[in-house]
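Below you'll find the structures, each written out as structure tokens.
You will see two complexes here that share subunit A, one where it goes with subunit B and one where it goes with subunit C.
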Partner chain A sequence: MLAPRPLGGRIITPTFVIASTLALIAAAIVLYRLVFGLAAVTNLSDGYPWGIWIVADVMIGSAFGCAGYAVAILVYLFNRGEYHPLIRPALLASLFGYGLAGLAVIVDLGRWWQFYAMFVPWYMNPSSVMLETALCIAVYAMIICLEFAPAVLERFGLNRLNARLKRVMFAIVALGLLLPTMHQSSLGTILVILGHKLSPLWQTEWLPLLYLLSALLMGLGIVVFEAMISASGFRRPFEVEILGKLAGVTVVLLAAFLVVRIGDLAARGAFSLAFRPDVRSLMFWIELSLMSAPLVILGPPANRRRPQTLFLGAFVLLLGGIVYRVNSYLVGLTPATGNWHYFPTLAEIMVTLGLFSLEVVLFLLFVKLLPILPARHKAEEAGRT
Partner chain B sequence: MPDDHGTIAGAEAGVAELGDLDGYRRSLGGMRRRDFLRFCTGVAATLGLSPGLGVRIANAAVAAARPTVIWLSGQACTGCTETLLRTQHPSLESLILDQISLDYSETLMAGAGHQAENWKAAALKQNWGKYLLVTDGAIPTKDGGIYCKIGGKTILESVTEAAKGAAAVVAVGSCASWGGVPSSSPNPTGAVATNKIITDRPVVNIPGCPPNPYNFLATVLHFVTFGKLPELDDKGRPKFAFGRLIHENCERRPHFDAGRFAIEFGDYGHRQGYCLYKLGCKGPETYANCPAIGFNDVGQGNWPIGTGHPCVGCTEEGVGFSKGIHELATLQSVAPPLGYPGVVEDKGQGVTPVAAATLAGIAGAVVGAGAVMTSRLGHHPPHPPGPPQTPSPPPAE
Partner chain C sequence: MSVSRRDFLRKAVEGGAAAAAAVASGGVPEAEAAGLQRPPRTLPPDAVGLLYDGTLCIGCKACVKACKDANGMPPDIHADQRGWNQGTWDSPQDLSAKTLNIIKLYTDGTMAVKDRETDGYAFSKRQCQHCTDPSCISACPVSAMTKDPSTGIVSHHPDRCIGCRYCVLSCPFGVPKFDFEDPFGRIHKCQLCNHRLAENKLPGCVDVCPTGATLFGRTADLEREAERRLTLKPGDRAVFPRGGLGGTPGGARPSHEKVVAAEYQQHIYGKSELGGTQCLMLSGVPFDKLNLPTNVPDYGYPTLTEGIQGAVYQSMVTPVVVLGGLLAIAHRNVKGSD
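Let's look at the complex of A and B:
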């Protein structure tokens, strides 16, 4: 396995153009929102102060962003060096996931120009789980930048700076392991303190663990997903061997998640709610099916060596994670008394779509310009060209 | 009873001479002191009072003058008197022993026959122009009023005669107030209300079947205390009790306003305590304070509507005993709207077609792309489970 190097190639591709256009539309809407306020763009209300900008962009974006966290745990905590080639793409996913989640939070703040108050000690509420989450995510976004910095420094030949950074990298990596453990579980804690507002189908004291596990699962899922997409898109070899092993880890974690999830539901006797003819139970079953399916798809070792099933498993797992987070933050939540309704506006959807498109754009730019993906063997390159 | 015992002479001896009970032989019908106390205890028992109150009754019988009340019952069921027996504040004994001197009441008086009639005559004569006349029951007028006679006199005559010397006249119950049940069609006895007989002075009407006793007591005590009658409405009813529609103070009114009605007895709405308007409740056209004070001092809710039965409009002429019990009331103050607002108004913006279509499109595109990708990857053969790759040493980081 060779050291990472830039892919090169054409920047302007159809995918790039489409994704950039969507991102530009989103940027225009965000600008409009920053000037004219939330009500001008969103369907947010006193009853639903959190919409898809929080649920999709932050909850899902940051879960995707756990790729770096999940792989770093394997590489640095369990000392499994064989996963090291995956660390840079994973960190890239983290960088985008967290960077854009942070951006989305600022866009979603009612008085966004006061966001700096979060970092001013005398404005802080030290008892707030929101503060913990916000600071954690903000600091972690910076940590990812530092973890990712070597790729940029290498590219521009800043070797002395790179060498200095490497001397403190162990501390940065340690923080990078600690912080997501804190804030990903805190995303669950936020729901725990919402108490009865969350349907018993999702409300449990195990939410912090479930959120941590789902973050790890989605992080691992995005690594496999992204690797398969880049391999297919950039006509690179499928790193099936290493991804298959990663999928094995995923299966174990997923089994743990399902044991906690289903065991908790059964222990609390909340399963009866899943048989009511309403949207919540429908969404619950969709979530449970999507979360269980990867166990079947990736369970047999043979399937973990086939690109097709590897991709499908990761894809379904990501969908399941998305639905789990949307369910617990939006579908299962009754944020206020009264007959409140919420469904995102077209503008809200376009902003979320634009943010994820921006991730695609940036990913394409980064892998082509910076040393992210492992270089191919000379023979392979010769075979391809 | 021998004529020389209970005579009007005793009454004429005057209240002032009643101080010495042992010297009171003749007016007590020849009773000794012990007999009199035993008799008063018996009266207490008759009234359902504690036997210990016999002494108070005895004292009251000889106490200083209290306003005299003459109670004449016509075509009545005695319900009005019965309801009076159930009062607690003031209690009946406090009323008739401390507040008023109930000198004649066919139901409550201990005397009977000529003695009672003579006592009435004496009381009328002695308190001429000062006593309070209470009537309950309707007064038949057909055929000279022969359908209701007491002591050989028609009630028509008794009331006409007693009214001449009365300071005030109070008609208790729907029958006395506006004719009530006896006057309802076809009214074979020509029954009429008290104020149809006594037309030269105001008659206070306390309608109800029975009326709430406190409406009567309050009126009487108002008279006793202030020497005049409370403010009356155009139908002679005290405004303090009959100034408002039942509908206005009904505890089920919010259900009416929200459009929640019991449709039949025992249905869901009835069990939930919904509005009884559609079961024929006459609350919307009946003036009374029933919802405000309840009955029998056992707490709120003890009145017809409170127990789940529609109001029959007993206090209202032309409603009670005239309209069918389950006939819809004529709404006086408010009409139910044709449509009702939701109990909880919808707030916030729900799903719109464009947003839903966009989201569905994106979801479809994601799933479709996933499916296409999966199918494309199917062309790649499974990776052989060859020897494990030797992990490359991590780049020097």
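Let's look at the complex of A and C:
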């Protein structure tokens, strides 16, 4: 196995410029929001107090951030060393996924200047699912930084510190396995308290398990997706063999997700709601189709060896996970009273787009400057230098 | 606290079993899911609240005005009126960050008769229900929503609120509201005028109600009064108190005698809904027509979420045990790789 090394190459590329511009636009909107308030830039209301900054940036962003979690489970829990080359890029996705989810939360908080209250022991409400989730995510963000630290330490030759860190790495890894299990399931539990306000198509006590499984699926999906994009973008060979194996694991997990999802709907007799002529039914079927399609796309082993089908399967799976989270947080919600509607403003969309663009910018910078992606074979390496 | 090794192991096993049960029993009917629920909360000893009787309400909205005065809330101008209404006419359509109490009107067809479902009309009042088992309190990460241990009044503390709006999202009655317009906005909700109660005054809305449609009192007393009214038939003459039941706070108000005009719905809203609420309601038209949640369980939703969380995180035993296992596995597998 070849050690990871910095890619090198030009920093300023067209992708880098476009993504940076989008990130800067988002920063300007965020500044405007901080000065003029949430109503000035968002369509948030008392009927829909949470919009895409929470649902897209936190619920979906952190699920993308489960790349590191999903690969760490395979590498460290099941001791499948063959997935090891994937761990650093996966951790990088986690670092940005979670870091930017945290940033989005601060921007979205109505009283952001009192954010510290979350960490004041005598203010903490141990019954609050939100508190458990928030603290868990905050600690996990630090854990990802530590898991990722060797890449930075290696780059700057801080070998003694690196050696010291490696001695306790097993403990960091263990926490990195526990914490996402806790908070990704809690992101589902958060919805349980909505009770009758959430359509029975999504409201269930199985939400914690469904959210955990969907987080793992999206984490695995983003690993394949990102590896494919990196390979074509940086003109590196497709790591089809290892990604194919990963896709095999994904298929099994996806089958489990669908069994729980469909079994639960059937057991509660909620399926009848899916045949009403409304937007909710439509979104439900779109979600279910997107979540089922990867089973067909990635099911046949031959498809798991072809870059095109691998990419398609991962892409559709990510879309399915996105729609599941959007549906359960926004589409399925009926506010307690009043006639409310929510569709994000252009400004809200631009901030979300900007945050994801910032992830792209940072990813490009990191893989070029730090040892993250596995080195190419010696022959190619020689040809390059 | 000292925990013996044996105790610890026993708890660990129980925690693990509970966690397994949590996963296994999800989605099954309520009775079977009961094992997953935390026990419902009960009314505090001196729980107080309001009894609103829609059949007595004349829709004068004096309570809406009094609430604004008592709580220093600004006028709420309806969007349709912003062109000409410069703030002389407070015209809220629903509870909002500017309106903590409101009288709403139900209408049907010709609206000929008060408190009749078809071709009739009816009033209903909205303010915080002061739940026995409030979702907002369970949801709030920083304990900015509190329930008074003796009166049970649910209060909000903006000094620590982070503005996450999970209370807004979680309230089954749509009560807490966030001021989105203000860059330094806050949550607003009815706190039963606890600042007035402290001065031995009635809540604003009760203080001005001319017909006793809104009464203040201990929830247990209010429930007894509501039960008495449910026995009344149209045509009966009955006495209706005003102000505070039993004359507190602030002294007795004169009661009035009245011929009962409408037939009561044989239900006290708030007695059992979602674990019960300290504010109760009587009506001549079905409660679902008043946009109140009716097809709901008789336990609060926090019993479910806290049940799930409790099963998994009881005394943090499960996470600690799982972490122990993970540490052992990671210790073996991380060696030799980075």
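Structural remarks
Keep in mind that, in the parts below, the second predicted complex is superposed on the first by the 378 of 385 C-alpha atoms of A that agree within 3 Å, B and C clash if a C-alpha of one lies under 4 Å from a C-alpha of the other, contacts with A are read in each partner's own complex, and residues count from 1 in each chain.
By definition in this document, contacts are C-beta pairs under 8 Å (C-beta built on N, C-alpha and C of every residue); 3 or more make two chains touch, one makes a residue touch a chain.
What you are looking at is a predicted structure, and each value in this text was computed from that prediction instead of being measured.
When both complexes are superposed on subunit A, subunit B and subunit C occupy overlapping space and clash. When both complexes are overlaid on chain A, the residue A:Pro307 reaches subunit B alone and has no touch with subunit C. By the touch criterion stated above, A:Gln114 is placed in contact with subunit C alone, subunit B being left untouched. Look at A:Val252: by the touch rule set out above, it reaches neither subunit B nor subunit C.
With both structures placed on the common chain, the touch criterion links A:Phe315 to subunit B but leaves subunit C unconnected. Applying the stated contact rule after C-alpha superposition, one finds that A:Ile349 touches subunit B and leaves subunit C untouched.
Judged by the touch definition given at the top, the superposed model places A:Lys166 against both subunit B and subunit C.
When the shared chain is aligned, subunit B comes close enough to touch A:Ile242, but subunit C does not. The partner of subunit A that touches more of its residues, comparing subunit B with subunit C, is C.
Legend: residue contacts after superposition of the two complexes on their common chain; A:Phe36 is shown touching subunit C, with no touch to subunit B. Once chain A of one complex is fitted onto chain A of the other, the partner contacts of A:Glu82 are limited to subunit B, with no touch recorded for subunit C. For the superposition on chain A, the stretches of subunit C under consideration are 42-50, 78-86 or 114-122; the one running into subunit B is 114-122.
Judged by the document's definition of touching, subunit A residues 45-47, 75, 81, 84, 150, 166, 169, 338 lie at the interface with subunit B and also at the interface with subunit C.
Chain contact summary for the complex, subunit A toward subunit C: residues 34-40, 42, 44-47, 49-50, 75-77, 79, 81, 84, 109-112, 114-115, 117-118, 120, 123-125, 127-132, 134, 150, 166, 169-171, 173-175, 177-178, 181-182, 185-186, 189-190, 192-197, 204-209, 264, 267-268, 335-338.
By the touch criterion given at the top, residues 342, 344-352, 354-356, 358-359, 362, 366-367, 370, 373-378, 380-385, 388-389, 391-397 of subunit B touch subunit A in their complex.
Against subunit A, the residues of subunit C that register as touching in their complex are 22-23, 25-28, 33, 36, 94-97, 126, 135, 137-144, 158-166, 168-174, 177-178, 180-186, 274, 291, 293, 295-297, 301-302, 304-306, 308-309, 312-313, 319, 322-323, 326-327, 329-335, 337-338.
Residues 1-4, 43, 45-48, 75, 80-82, 84-85, 150, 166, 169, 228-229, 232, 238, 240-242, 244, 301-302, 305-308, 310-312, 315-316, 319, 338-346, 348-350, 353 of subunit A are the ones that touch subunit B when the two sit in their complex.
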